[in-house]
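Should a chain be cited, it is by its letter among A, B, C and D, assigned in written order, with residues numbered from 1 in that chain.
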């Protein structure tokens, strides 16, 4: 049971959440036994690591570099493949007792459909599918799906046909217009959009005079990107009727509140968990405090309030 | 999946306050931190992600092996190598810290009665706790390698903590001339367990201990880390038995798990 | 005279520089009498505040908000207009003894041409014109010029026709493809491209439940954006033959070196001067140190070395 | 362009080290900083951008009026209102700081012999230096307003620094009940100069002093700042005579320069 009041309950894109705070994909163990003390408090749902049809070792070489108030990562979708996920990882994962959002990535539409088919065979509940069209760290597939309108359309349509459960689309902030891409996802039948993923950046090792990452580019996340993500959320929320889930740089409780005031129905937290495993609980307290202060009764009342 | 290494205490995030920060030579620091709340006891080789409290630049905690861990008190020994550690080194007593740990699998209690510890410079850190923890029960010999002149304050500090530690330096200016691996190979043999911590090239060389009949070689690895608890896969390494995460599957691994079967001649 | 050696001398897009470190537009006084002690050291050139045809009061309300390792600004091109600049400000500005880069912004192509005409009438030397097609803080003109290929083309072409001196184009990182826009600028006759300006972000005042800035969006700069800017520079440098001038988030000497290794021929520093007025000098020392270490003789040898 | 205010010493960036940091009640701090190198002497009302050294989060220096400025030593009095000041408040002696200053135009030497200082809470900061600097030469009266209970440590501290300071509080719990403007209006008159520092609404009200025959009212304004030296136009204000930068055209302005002609009845 959530230690937080019913005022934080909300339904977002077809998923019932005790709190609007979701653990973002790829940053936290799927096995709750590995979670630090107290870190499950306030968590409304958990996203899986990005899954692919086949197991992947991920990228060679350096995978993480710290930047000013941020991190660049180039994990490259290391995962054990969807079969292993359904057969092994999902049951431990379910122990968290929170709705599970399965994040999937793909190189081809056939991959995508096949991956969905495997997930359909799962006996354990999958609350939503999060279609990752925005991973900047793979040379084939990944972000390229999310920065061209036609490819986004084909991917969301294919996922929509293959999956009769809830479908979320995790958009790329590299898209030329986040609002337009959110609308497109809505048009293709997504129940919610997640805005967004990491931002394309890079780092250079001056001594060796070459890029730190084998793939040259990597994805920037963490506090640094918060103002950019907030703007992207504002744009998306102005463009669609379906819920927008805000993601990017949320690092303090106030940031989550800002995202919600900007129009997000829920938030995902990622990198900040590296430095504060109790952030979800702190966010919940901040939301409750703000509701009380403004005399409001439900977190839903806060969504988009800064747009009035 | 389970590497069979020293059982981890469950990690937690704690606030701490810097008790002291002492220079150990030019580039190293010995610090003590008082925690607001106790963590699980940590085994030698386990580590904490250490960062300044409340600021996001530098962002990430730096993995440091706890050299001493009491109920609410931790000590660390670290070298200033970059931005995060130089920041940590600049803090004055009373400064607020955030610590996540104890993380990972430490060194499991040795099976035999004779233990050889081999460290390259700061690789001595995880062994400082081990030496006092194992106490009389085990016959421990420690071998340390340093580059040479300039490292006196560091080696003196280590000699003070581990009486009888065997010194090696590249240029012979401190202790024996040579590297700690060669020195340790003169000591290993059947019945002796070997633990290593230091540069990866050094750890790989320790595989030669198997030729000498040594049956158990454990090494502590380093990788850049994000979460420290097995979630982000920043610290993955490719091993003969697949991808492993240094933070939770290690940092202490059986040598063979990392480097494969040793070449025997 | 520069206290730095000849190894830092370079010619960038038609401008001779004693050092490759340029003070970016809009962050530093044009009157050198206001510069803190030692802050001219190592400066190779100075950009003017963004000028417009007519004087502008800039934006009302809050103009700057700090973010994690960054700042959002919404100055809105406050300036006294190009006539006043030529008549009054330019002479004090020239006292810095450094090449002067005049940054201009415009709402219409007619504005642009008229502004250039006024500048042509200046008796004092203008080393280059920096065409700002990337200011996110004005509702008309500004960034909109820099995010559509056709409008960028028309602006650069118009400026090129009107101005026979050196022309630099300061691109927007909001452009869908920085490389393509750099190429376009080259094709229209620019001598160099500056990559780039601030990144579109926003901030919300949670207590008042509304955006901090009257214009909602504002421009993000400072350390936070460095990895993004570095990537943009890498992309641009791969796309054009003309020099790329790197700008965005350079905060420590190493960052400037990284930019140059990524392919920048020179760098502009902005926000970091708010916290370190001696950064230009430190950058020069770092470049000299690196040249010595690698046994190279000129900063030109470093340009793009991480691309090999 | 030239506002005719106290001539600025040229600003410079300096590294400093925290000498002490003392709590003055719940929310305020009195700190002293030792500079690595002297800055130009600062006049009352001039300020420094103060930040922690070497980290970029929080990024910007916070403008603080120096309450005492010696050759290599500066003192500040500040309230914890947000992230930057709470960070500054958490630092312990020895912590490394960066300071830019002295910035802006301070209060020029008073023309008459009678000076009235009006401060809202922390608005007292720039006057602390003034009182000692003007010493015997000028007859200075200081008026301070605070919200009320809870501010005792602060008011006591101020009373200690400025003996005879007149206290006002909203609820009458400390000194007179009422606001410092009303109190000061009972004291002004021809031949008395008035300096104000505090919330903008309070400063505006000080214009009423002109009705009482006061000829010179100077006020110190606050705005969020970027560069602190007149380059970024973050701190611009609209005045009857055009746009002004608080950091270099102020922070001390003639009341009329900011608020226009006072209404006289």
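The rule is simple: a residue touches a chain if its C-beta (ideal position, glycine included) is under 8 Å from a C-beta of that chain, and two chains touch if they have at least 3 such contacts.
Quantities reported herein were computed from a predicted structural model and do not represent experimental measurements.
Contact with chain B and chain C alike is made by A, D.
If you average the Cα atoms of chain C and of chain D, the two centres end up 35 Å apart. One inter-chain figure worth recording: chain A and chain D are separated by 47 Å, centre to centre, where each centre is the mean of the chain's CA atoms.
Multi-chain contact residues of chain A (touching two or more other chains): 67-70, 222-223, 251.
Chain D has residues 56-58 in contact with two or more other chains.
Judged by the touch criterion defined above, the protein chains are all mutually in contact, each touching every other. Those residues of chain D that touch chain A in the complex are listed here as 56-57. Of all residues in chain A, only 67-70, 72, 176, 199-204, 206, 209-211, 216-218, 220, 222-228, 230-231, 234, 249, 251, 254, 257-258, 261-262, 290, 294, 305-306, 308 touch chain C in the complex they form.
Residues of chain A that touch chain D in their complex: 68-69, 223. Contacts from chain C toward chain D in the complex involve residues 26-31, 34-39, 49, 57-58, 60, 62-71, 73, 75, 78, 222-223, 251, 271, 273-278. Residue ranges on chain D touching chain C, taken from their complex, read 10-13, 51, 56-61, 83-84, 98, 100, 224-236, 238, 243, 248.
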